[in-house]
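Worksheet for the structure shown next.
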Amino acid sequence: MLQLVLFNVTNGLIIGAFYVLMALGLSLILNLSNVINFAHGNFLALGGYIAYILVPFLGFWGALIVAPLITAVFGFVIERLMIRRVYTRDPVYSLLLTFGLAFIMQDACRYIWGPNGLPMTIPDSLSTPLSADLFFITWYRIFMVAIVITAVTGLFAFLRFTRVGIRIRAGTLDLDTVAALGVNVGMLRSMNFAVGSLLAGLAGVLAAGQVGLNPNMGDDLLMPSFIAIIVGGVGSLTGTLCGGLLIGVAGALTTVVWPAASEAVIYVIMLVVLVLRPRGLMGQEGMMS
Amino acid sequence: MSMLDVRNVTKQFGSLVAVDGVSMQVAAGELRAIIGPNGAGKTTFFNMISGFFAPTAGDIVFDGTTVTKLAVTERVAMGMARTFQITEIFPELTVRENIRVGVESALGLRQKFWLTAAHKAQVNRGIDEALTLTNLTASADRYVGELSHGDQRAAEIATALTLKPRLLLLDEPTAGMGEHETFAVANLIRRLHRNSAYTIVLIEHDMRVVFNLADKITVLGEGKMLAEGTPAEIAANPVVQAAYLGSAE
Amino acid sequence: MNTATTTTTVPMSTTPARPWLTGVIIWALLLSAPIWLPMLGGYTALAGRVLVLGLAAMSFNLLLGFTGVMSFGHAAYFGLGAYGAGLTLKYLAASTPLAILGGVLLGGGLGTLFGLLISQRRGVYFAMVTVAFGQIAFYITYSWDSLTGGYDGLRGFARAPLNLGFTTIDITNNSTAFYYFLLIVFGVVTGLQALLLASPFGRTLVAIRENERRARFLGIPIERHIWMSFSISCCFTALAGAMYALLNNFADPMGLHYSLSGEIVIMTVMGGMRAFWGPLIGAALFVVLQDYISSMTVNWMSFVGMIFVLVVLFFPRGLLGMLQRGVGK
């Protein structure tokens, strides 16, 4: 029983870690640009596939670093070419745009790499279990959690200490003032979009090592990421972080007692939060309206 | 008894005190102007009166009822109407439709799915009345977004008038207007005050408008009340001259 | 947030120069569809789909185009309407009118309930919460295997002949008769919608769309009206969903999925969200294009995605929006 609980808690943390990476990227873009990126799951898949191409040349470690960067560049270009054109319009247009983009990207992945799952090789040192008792925890899982912690710490440090990061945070609070101070808001939004894509790409590489690749691999993460943001509170990255971990662990723990309800519990959490605390766990008053 | 009695209101945003213990009494039928340099807290003061947000401390009494914590819609139902510094209208509707929304809301018909002939007549009367009062009859069927700045302002005032307000709050009614438009809007306000006996409180930057229209003037500076009095008294007040009029010129 | 101080923009005309003309053309085409459609290689079921999805999009547009709030989870109410109708036929009564009622009650009821939780939200946040709510409905439907048939969808029901008392109309086997039955329902519902939009209530909704702040300061309780609008929109959308179940004798969990929500939105925008008939035109374009593309290539998703991108970037006003501007100004 203890093993089962432990297994599910680690599982929950890992799922939660993926939710967090996805949701933080979505949240960054939402907060600064007021855009819901429906294609975010496809950026994740793209990151995975890019790593799949790179592994033979750069090895797993090289791919782990380079693939998210290429995803970020791709995100930057998409933002420059398309998404920035609709910022001044009714928000319905940005939603439709990313929605269409999701269709195209998913189909493109299917066209290029085929509809079936592809395996991605990870180093042997990572695929061994921790010990005989903890056979269900491979070093890869520990490694994933470590990488996610590093990435999230890095993101928060970036937002706190770098010039671009500080501007992104300021722009989230009051974009007009930031623009009035002479900051190039257009470029800021592009870079912010790139950072969001980078996180999605990183999640894609990690997911590919764990469960392999397929064109829809990001789809199942999109909705929980929305919920992580709603639960955590729109406008608060810390909230998104907590929201992601909360629903990840809650889902996994429910698996122990009632496997069929593990997905339902995420929705229940969201409903409870919306009824009792509409602005979310850490949301600011008025941010949702 | 005064129509509006503001008692010692304070508004803090974090550590910033935007309005600091200001009181003001406006009698029925009075036209009161609020002046003060930028950042004096005029609009914050206005927003508390109209219910945009609640004061941190103090009370607002409207025609004998304490409204400090009431929502905007409740204050509107009691007879408060306001316009905004940046004109707030329904730009893609015609002038007539803009006014119609107000009339139907004021008559409590806004949730109806159909109108009786009697109601229809009543609504049309209300619309015509507001159009006549604001001299907009000629442009009644034009889209408000197409009108000149001054006419857009008149249309906004017309929609506010449909509520038959006992207190009309005008936030910088001539903001951003040229000579000619300023004159027209000032004339409109004068008509509403003199001929129709509306109680009006307005914030205004144009001193000619203020000194021509107002019965009494309240001067704010850095969130505090500096002075209050008739235009003549204010013009002669040394504190005001030093703190406000002097710095403005 | 919504300051809507677009006082300097030139407004688009909300009514065409001859407002009745579009309606007359549309009704002439719809009434004669069973005659001309086969000549063009179409089929009546396709016309039925256009009608049903057009009805869903027009119902959705009460919110997007006429109240100014953006639901991105309307497929849920469409799908619930379909299941409500299917379940009624399968387990309760072999009656087509009761099936429609069952669909409206299920979809409209849940929509009304959800609406309570979201009427304070605006813009993309409104969209986000509605997507999540839609997925709750999707999730429940596909997991409740024993009742709904899970991923395979709900089968084992069929629309029943219409008993009018004095005579019975066979809409079960005669697809043309069913098409006209659909058309009558469509006519009644769109008629109701037109009346609603011309009423004081409809004007209040447009006022909220145009300028929420002004509306509030005219004494309009915004949240309550958005909630009512949401509820009405969900009821009509559920009705369209019920008709979809009757059309196919099948209810599909993908009918609740958010990808259909997105398609409903693109139909609406494509046809023109400020025009009454816009969503129907958009639905017709989208359904025909999708039908054509998916018969030509397996990569139809890319093309559908391209439709989204092209409409957003190059035709944001939609077909009727562009025509009306051309005629009206």
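Order as written gives the chain letters A, B and C; numbering starts at 1 within each chain.
Basically, a residue touches a chain if its C-beta (ideal position, glycine included) is under 8 Å from a C-beta of that chain, and two chains touch if they have at least 3 such contacts.
No experiment lies behind these values; they were computed from the predicted model shown.
Distance from the centre of chain A peaks at B, each centre being the average of the chain's Cα atoms. Put simply, the chain closest to the centre of the protein, by Cα centroids, is C.
If you average the Cα atoms of chain A and of chain C, the two centres end up 32 Å apart. Our note on geometry: chain B versus chain C, Cα centroid distance of 42 Å, whole angstroms.
Chain centres here are Cα averages; for chain A and chain B they lie 48 Å apart.
Within chain B, contacts with two or more other chains are made by no residue at all. Remark: chain C residues 1, 64, 70, 72, 117, 120-125, 127-129, 131-132, 135-136, 139-140, 143, 258, 262, 265-266, 269, 273, 299, 301-302, 304-309, 311-313, 316 touch chain A in the complex.
In the complex of the two chains, the chain A residues touching chain C come out as 30, 34-36, 38, 82, 85-86, 89, 91-97, 99-108, 110-111, 223, 226-227, 229-230, 234, 260, 263-264, 267, 270-271, 274-275, 278, 288-289.
Residues of chain B touching chain C in their complex: 50, 72-73, 76-77, 81-82, 84, 86-93, 97, 100-102, 104-106, 109-115, 143-146, 149, 152, 156, 159-160, 162-163.
Residue ranges on chain C touching chain B, taken from their complex, read 3-14, 195-196, 199-201, 203-204, 206-207, 210-211, 213-221, 225, 228.
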